[in-house]
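Each chain gets a letter, A, B, C, D and E, in the order it is written, and its residues are counted from 1.
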Amino acid sequence: MLISCAAYQDGKKLGDIDAGRIADYLGLPGCFVWVALHDPTAAELGDMQRRFSLHPLAVEDAQTGHQRPKIEEYGDMLFAVLHLVEPAGEDFNVGELAVFAGPRFLLSVRSRAEKGFQEVRARCEREPEMLRQGSGYVLYALIDAAVDRYFPILDKLEDELESIEGLIFAATGVPRGNIEALYALKQRLMIMKHAVAPLLEGISNVSGARVPALCVGTTLYFRDVYDHLQRLNQTADSIRDTIATAISVNLSLVTLQENETMKRLAAYAALLAVPTMIAGIYGMNFEHMPELKWRYGYVLSLAVMAAIDFYLFSRFKRSHWL
Amino acid sequence: MLISCAAYQDGKKLGDIDAGRIADYLGLPGCFVWVALHDPTAAELGDMQRRFSLHPLAVEDAQTGHQRPKIEEYGDMLFAVLHLVEPAGEDFNVGELAVFAGPRFLLSVRSRAEKGFQEVRARCEREPEMLRQGSGYVLYALIDAAVDRYFPILDKLEDELESIEGLIFAATGVPRGNIEALYALKQRLMIMKHAVAPLLEGISNVSGARVPALCVGTTLYFRDVYDHLQRLNQTADSIRDTIATAISVNLSLVTLQENETMKRLAAYAALLAVPTMIAGIYGMNFEHMPELKWRYGYVLSLAVMAAIDFYLFSRFKRSHWL
Amino acid sequence: MLISCAAYQDGKKLGDIDAGRIADYLGLPGCFVWVALHDPTAAELGDMQRRFSLHPLAVEDAQTGHQRPKIEEYGDMLFAVLHLVEPAGEDFNVGELAVFAGPRFLLSVRSRAEKGFQEVRARCEREPEMLRQGSGYVLYALIDAAVDRYFPILDKLEDELESIEGLIFAATGVPRGNIEALYALKQRLMIMKHAVAPLLEGISNVSGARVPALCVGTTLYFRDVYDHLQRLNQTADSIRDTIATAISVNLSLVTLQENETMKRLAAYAALLAVPTMIAGIYGMNFEHMPELKWRYGYVLSLAVMAAIDFYLFSRFKRSHWL
Amino acid sequence: MLISCAAYQDGKKLGDIDAGRIADYLGLPGCFVWVALHDPTAAELGDMQRRFSLHPLAVEDAQTGHQRPKIEEYGDMLFAVLHLVEPAGEDFNVGELAVFAGPRFLLSVRSRAEKGFQEVRARCEREPEMLRQGSGYVLYALIDAAVDRYFPILDKLEDELESIEGLIFAATGVPRGNIEALYALKQRLMIMKHAVAPLLEGISNVSGARVPALCVGTTLYFRDVYDHLQRLNQTADSIRDTIATAISVNLSLVTLQENETMKRLAAYAALLAVPTMIAGIYGMNFEHMPELKWRYGYVLSLAVMAAIDFYLFSRFKRSHWL
Amino acid sequence: MLISCAAYQDGKKLGDIDAGRIADYLGLPGCFVWVALHDPTAAELGDMQRRFSLHPLAVEDAQTGHQRPKIEEYGDMLFAVLHLVEPAGEDFNVGELAVFAGPRFLLSVRSRAEKGFQEVRARCEREPEMLRQGSGYVLYALIDAAVDRYFPILDKLEDELESIEGLIFAATGVPRGNIEALYALKQRLMIMKHAVAPLLEGISNVSGARVPALCVGTTLYFRDVYDHLQRLNQTADSIRDTIATAISVNLSLVTLQENETMKRLAAYAALLAVPTMIAGIYGMNFEHMPELKWRYGYVLSLAVMAAIDFYLFSRFKRSHWL
């Protein structure tokens, strides 16, 4: 679906144009055409491929989807793929933004994602001095917007991790639930990691040693995006590390607690077993058991049971068995 | 076994030729010979070595088999080895595809693998403008086809992992079986990893800084294969990581569950031990035990037993011991 | 809030100047202006941006805060961000120091941190021969001061780790408490790690192969800071590694101890169960039980119980079960 | 001990020569001398050092032994050290092969190893066209032979690992034995790893970017060795990884099995405790226990015991406690 | 404290000189001054700083101590810091050797370490042809001597590890003690690791691509030290890896053993519970219990108890529960 198609010259919008008239604008000096597609059909994409002479491999990637994030050069063109991660209930919905940027045009293809990039177009049109730098700047602006959307998602994952951590040490929670929650959190984190880490690598190629012609005027901006991605990447690594520790600490604490309980139950059982044994002995039916005839035999036997248990109880307490 | 032997000129097939007449075609301008062998004998391979002046080290590798995937240069020739992974029941059958590519010829040697590469030949013949680029493009097409076969295999491993994950958290499954299944999954994954990771390295040499003459026209295509391999590699790493976590989480959950059970059994045992002890006491044969003569002694003793157990039961419930 | 604003020429202070007159000094030969802000408003920062022609991306970073430590070049300017870590009760308060250094000026922006850098200004003014090298040297002096503040913090973490280690092996402590303490320690350590590791990377750019013009005279000094950071980084890694080992060793020791206890309780229970069983047998009410009528039946039965228990006791002792 | 000393010219053996006449041959065009020592005395080595002007540091390494595998350049000479790993009962015997290769000579020193390299000399003499390339080729042939001996050793380790894996899942084996076997296997693996990994690094220097003059004609051969070493290294890493997993899985399975057993024992104990308690109650000596006088009191009590146990038994079965 | 101060010319010692006359010798052709200090005061060091024009940052490092090992260039001077690790009872004492080497002098500063480097001076004076190369060679000789002292220390750690390993599998030892010993061993190992790993990095700068002028004639020697350090580093990594495995294997074996014991105790308890239950039943006081009146009731009941226990015993044996 074609969302918009407009021509810009020297940083100013000439106006929305019909897709059929794109060729007329590609030749104007200082002019570039910006087209946005959303979940395009193969025909729509094929049409754009012809108009902008896109490389078939890049078009195939945009069509197929499920690519790793990347920024590739095809001659004087750049082809970028980014993941668009949108929370969908408990899970993440991963869409894609594919961007073809040439000296005279920029084509963005959004797939399987709800939220559009209209605000990027608006921002660019408010900054004519930046937009004058052409499609390289628009490419930056789109990537920057997509990357900025990663921050609240990662923040939310961090918050969830913190709330699970609280449950771990409170220990009134359900340990099984904590592990399941941490496991699910890790899987969502990996989706973010797969969105961020390869892109970091890709961006370094347009802000590092050899910069493609298209981005020459905007390297500082791409370096800024690179810096954001590094922050995201570090946060993701940090969360991952903490999840691993939290899983093992959670298990440790639960094991400790269960062991404590078992130990206490075993110690109480021992306290019960002593009187049971003594009672058993005086329950024997031997004819000659002198104690049985004692006046205070019964009371004495109870006293002995109590004394032994009292002794054991205090000893267990001292040994931290109870 | 010779599968096919054909000559091509300027992207078009001249026709199938007899192996004995290969030399006649090697000298024709814009012409190259494409030979496919399957599980060849040493004699067949020796014959090709003479015709194409293959390097003895490369031929030895193709003969011996069980190589790491790689792409090596021998002068102006390229020698590539790929793993062909084919599901065989519960296990994987790992064959090999060795490709010798020179400026005037391409020789592919398939070993210990069922499925051939006829569809690659068909695709190449349908695209004369690509085939005109010579053996470098055919080399790409073969590698691309082999790599594309990795995707469904890895997808299947991912599906299996997910179904095991379901069993872990459902916890009605057999924990022992889960661990065995994860262990077996990991071993099959490692076969894929050994097919993908070294090839990634090898491909980077033909799509990176210094490109061999044979591949100059097809670097973008090799970069595309490289990109596919990176995706495969990332998926494999991700699965491996998840398997490790799943093994440990599975064990944790089982341990938790078993501990729960033991704790409950121990708590119930304690509930039984109390009446047993009291009954033991009133089973003693002392002559002077006044309670024994009480009218409601028996009932009272039962009441005491019940009261203590009721108290313990509710306390255990509160402490989550039951 | 503007803390100070002074002009320096040839290593000597010309005097505090009004912010409005900064432009007059920027043109003087061998002169540079040093401005320090603390938690500035957007307006104050915007004012400085205009006066020193700061790059909007750098200003945005200083304004927003929560950046990774870094040192970036903007043309002939350097922009550095450092974390200021200040102990706040049990936790750390992480502020930031952003420094803009140009050939003619240095602007430092301290955010969310208590302690200022007045002593750096004092030190620089005491060393005119160093200060003569201009803003590059002041940049070094600020970074050096910030980095030096990391040492006591990391030393304290190391001390805490050692005191927890003492508790682990003393084993009179609370194992649960040890794990919580180690977990909390690790989180504070990660704050330090995030302050140190990215800065290490950043500094290597101003002391390594291609040095920015601003730092040419001070590379040896930056290399010294780099060396300090490496020491800090190594210490942090070492602490992290030890925490991981300590957590697992702590759990191991506790598990060992609990197992010991359980084993001893179980062994004692077995010792009690034997007499209970024998007593039970002689408590049976069969009419024909000859032992019951023996003169020394009772004593003999007690002797048998004692003998068996004595035998078991010594055997358990030998097997280290008791 | 001098094993052999022969001179070669243009790929052909001139004949065995006396060590004292080495100098006569060093000057002949296209001629080189090949000397093999086995566990030489310091005097023998010193003698060779003088004749071939070997560097004292290299000679010291060959004398002392226990070096890391390496390939070093001393001017136009190469000095290589390899580990010779020979199975000795359950353990490995690690010897060394030190090779000094100069433009006019090759000196091999074998230490603490049984098996010699006579077959390398025989192979070289059968291939005069290769031997014509001089000592660089002989160096390759020796390294190739030594590396080829690693394969069967690593294969055997792999086989052992597989047979232990079988025991783990069969679970009729002795878990303690499995762990000891895996631990011992890992230690032998590390010996192989220490033989392979540093050599890999060393070989990359003679087959990579800047090739020493001595190896210029044989780079393809060294690359082949490099490839073999990479395969060995990958196999070793793979085995190591599997050992770690196997240790933890073995422990997990054993723990699961033991927990199962404990749970079943505890459940059976609970089944026994119920009748014991009831029997205890009817063993009390109260005067007023109406049930005792019932005609079918005894039978009824047995029935109640059986009923409760039957109920518990079926419930335990359902909960997988039995 | 000044230990010695001597002048050398063309590899020969001119004689011990007074510190005050150092300047006279610095100008002589082919002459250099070698000064050794031990735990110097700030004044002594300041004195040397003036005489040799040492860089203040290097002097500060030597004064402060507790540096990472490193080799730094200051113009045409080299500044090296090494750790001197000396066993002190159960622990290690870590001193430092700081060396300033210029074209005309070498100043060594030993701090907090007992053992001196007199034997290095003696060795150098015995080898005039080497000493002729000046302070670069002396720098090498000092580093070589310091590194050689690491070998016996690491060997001892390896021996200790092996003796603990013996205790683990003998399993008659104290598992708690094993873990404590392994933990302590790891901490001492880390001290060695911190001495070796950074130095390895530092040495690579004086034996690698761009060699400082001072070391041009001695690169082969520095490469030899580098090789030694790599061996040390590999050994340290290997020990660390083994310690980690040993801790986990130790715990595994102990857990296995404890589980075995618990299982056996539980099985024995079950064997005792059966007769106890039966005896309890025949200890009930029902009036109508026909078995009680049987002639052989008692014997029969004992026989039943024995039979059941015999059956259970053999079944437990078969299931490896006993």
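Keep this in mind: a residue touches a chain if its C-beta (ideal position, glycine included) is under 8 Å from a C-beta of that chain, and two chains touch if they have at least 3 such contacts.
Just so you know, these numbers come straight off a predicted model, no measurement behind them.
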Exercise for the section: Starting at subunit B, find the fewest moves between touching chains needed to arrive at subunit E. Expected result: 2
Handout entry: Residue-number overlap at the subunit A/subunit B interface, same or different (half cut)
Key = different
Fill in the blank from the handout: Whole-angstrom distance, CA centroid of subunit C to CA centroid of subunit D, is 39
Handout entry: Whole-Å gap separating subunit A and subunit C, where each centre is the average of the chain's CA atoms
Key = 24
Handout entry: Overlap residues in subunit C, where contacts from two or more other chains coincide
Key = 255, 262, 266, 269, 273, 276, 280, 283-285, 289
Completion exercise
Output ring sequence (origin subunit A, second subunit C) reads A, C, E, D, B
Fill in the blank from the handout: Within their complex, subunit D touches subunit E through residues 55, 57, 61, 67-68, 70, 72, 74, 175-176, 179-180, 183, 186-187, 190, 194, 198, 247, 251, 254-255, 258, 261-262, 265-266, 268-269, 272-273, 275-276, 279-280, 282-285, 289, 291-298, 301-302, 305
Fill in the blank from the handout: subunit A partner, complex, touching residues on subunit B are 169, 220-221, 223-224, 227, 230-231, 234, 238, 241-242, 245, 248-249, 252-253, 255-257, 259-260, 262-263, 266-267, 269-270, 273-274, 276-277, 280-281, 283-289, 319, 321
